[in-house]
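I've put the structures underneath this note.
Heads up, the next two complexes both have subunit A, just with different partners, subunit B and then subunit C.
Right, the complex of A and B next:
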């Protein structure tokens, strides 16, 4: 049963559009799946390899801008951004990795954060390429209905899930965990930590970049402040994983569901709409103090608490 | 080089140095916390933002001069820092988790809440404290009639710079001469040894976090006469503080001062010669260059040359 769980869930999700959900709900579903893709990508690097990145917006934005510039400057369909972003994002990941991976722990986190900001400022200022703050608008939408967008992101999510699972269950995954637990010990056992950290960063960046390229196609408009956003992309990515469960397969998915629904819920509260960062921040603080491994990661702890509650 | 070009260059260097002095104060707060607690405080800029809002409220409702509000804002921020450390950060330091960077993520959460609360209370409009000396300046030609070039020294900038210097000197005195200061430095050097010597490490951590917050709150009061204020301003100053600490060497107070000055001058040069929008890029170019070429920070270079301790 457990073996087929991913297939069952993918199947259930695949038939969802057939029951005639409204456009709004399709949008929410697409967002949930997109965020779980980004979350899975972050989890590969942060959860398994222990390299906490505060700059995943960099890769998201590069992916998004690859698609956008392709459309805007070369007149090619923005969908070609998906395959092309793999190459472009890998390049960026190698450069960023070269600079940031020499930092350890919290310093790596801040280094990547700075990288995200650098790329945002570059995108704002290189107006001849990126149109700067005007942003890039995809003028012809491919589909008006959201069904096909849904299937595309679902396929991306399935591929990402499959990739992460394969990587983690292979020797590579054990190297990653060894690096997370103790980098010096891993190094002394003959693991080329720099190489494997670079691999983890590149894989994670590619998946995030694909989500970014999809975002351009789906939303039809990007500007530097949206796709390179520190709080709304980089930090939300971390929250998706932290809330859902660090270093678990299902954590990012659970986290994405909670985060997207929470964001929508807060938006409906009158007058508090602008306060969603407060709620996110408080949720983050509560999660870190009480469930440091996330909902899926601390499931045994949660169950125990519930049982105690019932007994009392 | 014509005299106009020279004028621009010198003026840029002057404003860079003045800016650097203020940056140094922000950097010192972060480097203190980093040295003693071994964590990065990503809410540092947001704490400064809180300090600035305190100064703003004091100015707009009670007409208290921003420079005087240091005496209210810094203690208030000290208290806020102590509370944050005691009730949020300390518990997390004890929690076992897969990701060791939990405290860093926690400070991000704190920063988000602070910035957002400021947005709710003050809205996201830009605010300033229109003090009457804001545009006053000293001109070189007033003192030296025959001077071939014209330079000016803005009054609020210079006052802020001097106050920043005074605070830094006071801090240096505190850290080297007083008992608590020595205990803080001992904790930063070796936590366990300090504990064995009878230093209350827990309390030192709380005091350090408070001190770092108080310093950055004071920096906020120095910034507000010359800068505008909005709730999301914190993030960029957190990054500035971090770049300074990397540049100066982790946990080194002197390094933070040197790093702050370098960053200020460089940023001022980029905004003059490459355009305002590029100033943040210049800041991070320095950061990247420092990481690649001087990973130990400026202080490690001094040590190599036999200077410093």
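Right, the complex of A and C next:
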């Protein structure tokens, strides 16, 4: 049963559009799946390899802009941004990795945070390429309906899920976790920590970039403040994984469901809606104190708490 | 030529000389004990051989190849594995996974790595604890796990940093047994140890360090009767 769980969930999601959901609900579903893709990507680097990045917006934005610029400057369909973003994002990941991966722990986090901000400022100012703050608009949308967008992101999510699973169960996965647990010990066990951290970063960046390229196609409009956003992309990415469960297969998915729904829910609260970051902050504090391993990671603990609640 | 050749190695930390012009060799198949009072530079010596610190002066050769200046992972790949004085298991991994992670150095597939890991944990007597998360392991077993992890990289030479410290007498006997069996497998061992009885019993030769300098080198018997060594350990002869 457990072995087939991914297939069952993928199957259920695949038939979901057939029941005739409203456009709004399709949008929510697409966002949930897109965030689980980004969460899975971050989890590979931050959860398994222990390199906590505060700058995943950098890769999301580069992916998004690859698609956007392709359309805007070369007149090619923005969908080509998906395959092309793999190359472009890898290049950026190698450069960012070369600079940031020599830093450890919090210094790495700050380094990546800076990278995200630097890329945003670059996108704002290189107006000849990126159109700056005006942003890039995809004028001819591929589909009006959301169904196909849903299937495309679902396929991306499935690919990302199996990639992460394969990687984690292989030599790479063991090496990533070894690096997370003790970098010096890993090094003395013959693990080329620089190389494997770079691999983790590149894989993570590629998946995030694909989500970014999808975003451009789906939303039809990007600007630097949206796709390179520190709060709305980089921090929310971390929250998705922290809430769901760091270094678990299902954590990013659970986290994405909670974060997207929560964001929507808070938005509907009159007056307080604008302060959604405050609520996210409170949630993060609660999670770190009571469920440090996230909902999936601390599931046994959570079950126990619920049972105690019932008994009382 | 010896298997491991330390040639005129010095290591400075700022103005402090942790090692001064140390030279010695480790022969293939032997157990070489490295002893000395606290702060003598034993662990620094390991860190130089293992690649954590490049020597400030001098060179280290392993199988006639220069290894000083290489990175730890390269040195490990060449066949030198080490354990740490302060045990450093991969805390949130099970015992088996810990050993699998290091077994991957020589093989690609998980099945092969598992095979090496199973063989290694049986050899070190950790088989019954294979599914325990290593954070919760008692010290004696964590020390064994350190040895198992190093062994799983299939080294030609093993550097053991105080693998006996803090063990109870039963564990001590077990560990001595393990080390003798490692030697029988043809693996060369360099060992740092404070436990004099153990070091005298298992070493073929002993190198004594004191204040970063080599004080003496010889068989356990020679070392035990060397006035310089006795002085370094017990103080000056007059006051004794």
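In this section, the second predicted complex is superposed on the first by the 310 of 312 C-alpha atoms of A that agree within 3 Å, B and C clash if a C-alpha of one lies under 4 Å from a C-alpha of the other, contacts with A are read in each partner's own complex, and residues count from 1 in each chain.
By definition in this document, a residue touches a chain if its C-beta (ideal position, glycine included) is under 8 Å from a C-beta of that chain, and two chains touch if they have at least 3 such contacts.
Just so it is clear, the structure is predicted and the values come from calculations on it, not from any experiment.
*Asks:* Looking at the overlay, what does A:116 touch: subunit B (first), subunit C (second), both, or neither?
*Replies:* In the superposition, A:116 touches no partner, neither subunit B nor subunit C.
*Asks:* Considering only touches as defined above, state whether A:97 meets subunit B (first), subunit C (second), both or neither.
*Replies:* In the superposed model, A:97 contacts neither subunit B nor subunit C.
*Asks:* Please indicate which partner A:230 is in contact with in the superposed arrangement: first for subunit B, second for subunit C, both, or neither.
*Replies:* After superposition on chain A, A:230 lies in contact with subunit B alone.
*Asks:* Between subunit B and subunit C, which makes contact with more of the residues in subunit A?
*Replies:* Answer, by number of touched residues of subunit A: B.
*Asks:* Name the contact category of A:280: first (subunit B only), second (subunit C only), both, or neither.
*Replies:* Only subunit B is touched by A:280; subunit C is not.
*Asks:* Given the touch rule stated above, what does A:252 touch, subunit B (first), subunit C (second), both, or neither?
*Replies:* In the superposition, A:252 touches no partner, neither subunit B nor subunit C.
*Asks:* Which positions of subunit A touch subunit B when the two form their complex?
*Replies:* Residues in contact with subunit B: 46-47, 50, 52, 54, 99-100, 102-103, 105-107, 109-111, 113-115, 117-118, 121-122, 124-125, 180, 230-231, 235, 238, 242, 246-247, 274-278, 280-282, 284-285, 288-289, 292-293, 297.
*Asks:* Please output the residues of subunit B touching subunit A within their complex, sorted ascending.
*Replies:* Per the touch definition, subunit B meets subunit A at residues 39-40, 42, 88, 91-92, 95-102, 104-106, 108-113, 115-117, 119-120, 235-236, 239, 242-243, 246, 250, 275, 277-278, 280-281, 284, 287-288, 291-292, 295.
*Asks:* Okay, in this complex, where on subunit A does subunit C touch?
*Replies:* Touch residues, subunit A against subunit C: 169-171, 174-175, 177-178, 181-182, 184-193.
*Asks:* Can you check the complex and tell me which residues of subunit C touch subunit A?
*Replies:* Against subunit A, subunit C makes touches at 50-52, 71-74, 76-77, 81-82, 84, 88-93, 97, 100-102, 104-105, 108, 110, 113, 149-150, 153.
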